[in-house]
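Chain naming follows the written order as A, B, C and D, and within any one chain the residues start at number 1.
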């Protein structure tokens, strides 16, 4: 067969009596040995995390799981209302909106850090980054928060864990310096938010920025299932639909 | 406001300086304290797992993450080919097929165990279950395997972990007894497979059977991201499409 | 090549200078000759509709396109809020909820009619169908309406078109007789609703009941795009999210 | 109620005995009066098309329905394999990949035409457009074709219909002039392809370029349903999966 039509995956394969994943025997080397976050790390790097990597990566994923009633969880609940036999469809619908507006800033800050100029003087590097975004009229990803003031409460906790695990290096320091200088420029406090630190931690671990959105997607899949469970017991989707429909068409019915 | 239009979630909420999830302070009580699997447990039960629950539940999720090239991972890869800017859409597409054929057997075996007759004589209970499925002409979920012979290699490992954590009680014993008796009836070995044991473990933990599919969905979300990463580095979707298209329309072009 | 690995589609194929769809030259025999509904008919039957089929099938699709603010259109709008760069993802999310609860009744009534006993006496046939559903404790699909009283306003119009085109035969008569007898049994008027007549028309045309849901899915795809256009000009998704979130967590914040 | 929390849709609403869509009575003014393409036109413009608009818009949609085995239709077929009870999920999955790579060029060429400099000298305008894309190193959307030579067979047919209906004005002329000049620059024939003409026709009709992708999405929803029907009768998804899986892991099994 010609090279051009050959297929290749190196992730996993099976025989009648074995299952191998990333070169390891699934039953004896993975199940019961790795926790769910470690398994996600294996999927994203091809290797077993160290204890420090396990701690910081699990913390990153856990941070992204739950944000209460968001467009994603409302979407999942309303989809479940129409197709309760298809839980997977409700999760899929909920994930479909994790695009540029809500989850994009993790990949945005990771990319910004990866593409920052080299150099040991982090203030100079941060200054160059801030100036570049300013010149382009583009908002710096991962800093400030519309709601959490004066600081996103997840930020200091994530930095603490990064420090405890040895992952508070150039990327984590740089996002904070970028945030500080951007705040000076704008004349207001704009500390790094959770997605900014998470983007920096993706860089610390060495994840490709294009796949960073994947962390948010896998984490939210977990959170959405939790919301579907609550919806099955304490529904709000039908009420919301009928209420919004009534309010949004009132002006038409009043015209009668 | 009238009762009828009231909404209520108890999962999470925020103030300017705090984020609370399932009644716990997210930064100080959850991030860095729970691993990703524990967080999933919290979503599905509303409480922090014990050490034993943590171990068995993480093992259950890890078991479901990766199955190599499956319809789901192929779907995600081909979706990513058309919309690489929308990683979330590729994951969503991949999850959409986790329906009755592939992931349904976890919920099927959980439901079968929950709905089994009461009684201390597990052989009698299992006999009743097997007879009921036989009479209805319905396949018993969670036993036998089309490919793994003589036994699904995950089965003994999951049973071992269940025993070590104290979760090899009535549900885990019952699925094995059902498998044994079904095998006797069919005259061939039909040991419980991974989804059968996982369904039983859902019962051990007390998960509603309707939400058991959620375990597979969240776990596969993790695995699909891994496949999208491989696809971005070592693509096969385009080749597959062009190859299948060429082969499936050859009879039409030959007719020219 | 062995039979087992052969692939085959008969829908369409191309050469460097031609595109053939269902055996017809796409540019000269289809584009500009068939309207969009005729093309959908071709996809679902493999043949060009007669004038009568064209009229009734286009009417069926048009009936299903727009239902105002429904869970599906709200889902699409909220998904678009998070990923405006991915219009296809918003449509996909909106379609994901077209399951057993909302669109299922077209296929339900089509199936009921196909599986009805044979016989020329439609009253006897309808009586048998109603009795069967009654005995099973299952609701008869396609009759009555929670909101439209005394009759779904689409019903008489669809029946009129069916009569004008020669498609008011056994299926359309039978659904009406079933509705009449069910109403007698319940002691209230339960006329066939739009999905009931549409299910009957699927039978008149000879569509497999398993694919009837597809009519609703393709029609709603059109309607959802209309809602995304309105959302882009006159947004409501963000307001809805923030409003519902605030109301659903008020009891938690009040407890502070 | 405060302005900020008001909702408004103008698409449709109902009373007990009426359904109004875009200000028209659905049963008497729309069902049986508009074909499916006209209804799509109404969704995208808020008005009933003229006879000429009806003809050209239906032709546009029909052009986009069917492309044989594409990533989208393969995705839908493989999703249906896992969740045959959820036809809507299979369509949704298939649509999820209609992103920047495959359907984006309709919106790309529409945008290019809308953003072209003003001026009556179309050659000068086209020259400016080509020079701009060339300078930016960006491929011009809607011209050339990797497979159809010397010209996409849909192109002359769409132009003919545009001429017959009075829609071969500035946009349609401009895309052809852009294609001609780009070809001169590259030293090879690069005639406008179907998506180029379709983008130009979106401009002729006055559709917002951001919603042009919606035409492809709604049209492909129709085509995908056709493929699911074929898959239900003449399946290829399972074969494809097992074949690809076997070939892509052969190198791992050979290493045993």
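Following the convention adopted for this analysis, a residue touches a chain if its C-beta (ideal position, glycine included) is under 8 Å from a C-beta of that chain, and two chains touch if they have at least 3 such contacts.
Being a predicted model, the structure only gives us computed values, none of them experimental.
S.K.: If you take the mean of the Cα atoms for each chain, which one ends up farthest from subunit D?
M.R.: B
S.K.: Weigh A-C against B-C on C-beta contact pairs and write down the one with more.
M.R.: Greater number of contacting C-beta pairs: A-C.
S.K.: At what distance in angstrom does the C-alpha mean of subunit C lie from that of subunit A?
M.R.: So the centre of subunit A lies 36 Å away from the centre of subunit C.
S.K.: Report the inter-chain centroid distance for subunit B and subunit C in whole angstrom, where each centroid is the mean of the CA atoms.
M.R.: Here the centre of subunit C sits 31 Å away from the centre of subunit B.
S.K.: Residue numbers in subunit A touching 2 or more other chains?
M.R.: In subunit A, the residues touching two or more other chains are 6-10, 12-13, 68-69, 83, 85-86, 88-89, 92-93, 96-99, 103, 236, 240, 244, 248-249.
S.K.: Quick one: which bits of subunit A touch subunit C in the complex? Just the residue numbers, please.
M.R.: On the subunit A side, the touching residues are 68-72, 74-75, 78-86, 89-90, 92-94, 96-103, 236-237, 240-241, 244-245, 248-249.
S.K.: Would you pull the subunit D residues touching subunit C in the complex into a rising list?
M.R.: Those in contact with subunit C are residues 4-14, 16-19, 21, 26-28, 30-32, 34-40, 42-44, 54-55, 58-59, 61-63, 65-69, 86-89, 91-93, 95-99, 103, 147-151, 153-154, 156-158, 160-161, 208, 210-211, 213-215, 217-219, 221-223, 225-230, 232, 234, 236, 239-240, 243.
S.K.: Quick one: which bits of subunit D touch subunit A in the complex? Just the residue numbers, please.
M.R.: Subunit D residues touching subunit A: 6-10, 12-13, 15, 20, 83, 85-86, 88-89, 92-93, 96, 244, 247-249, 251-253, 256.
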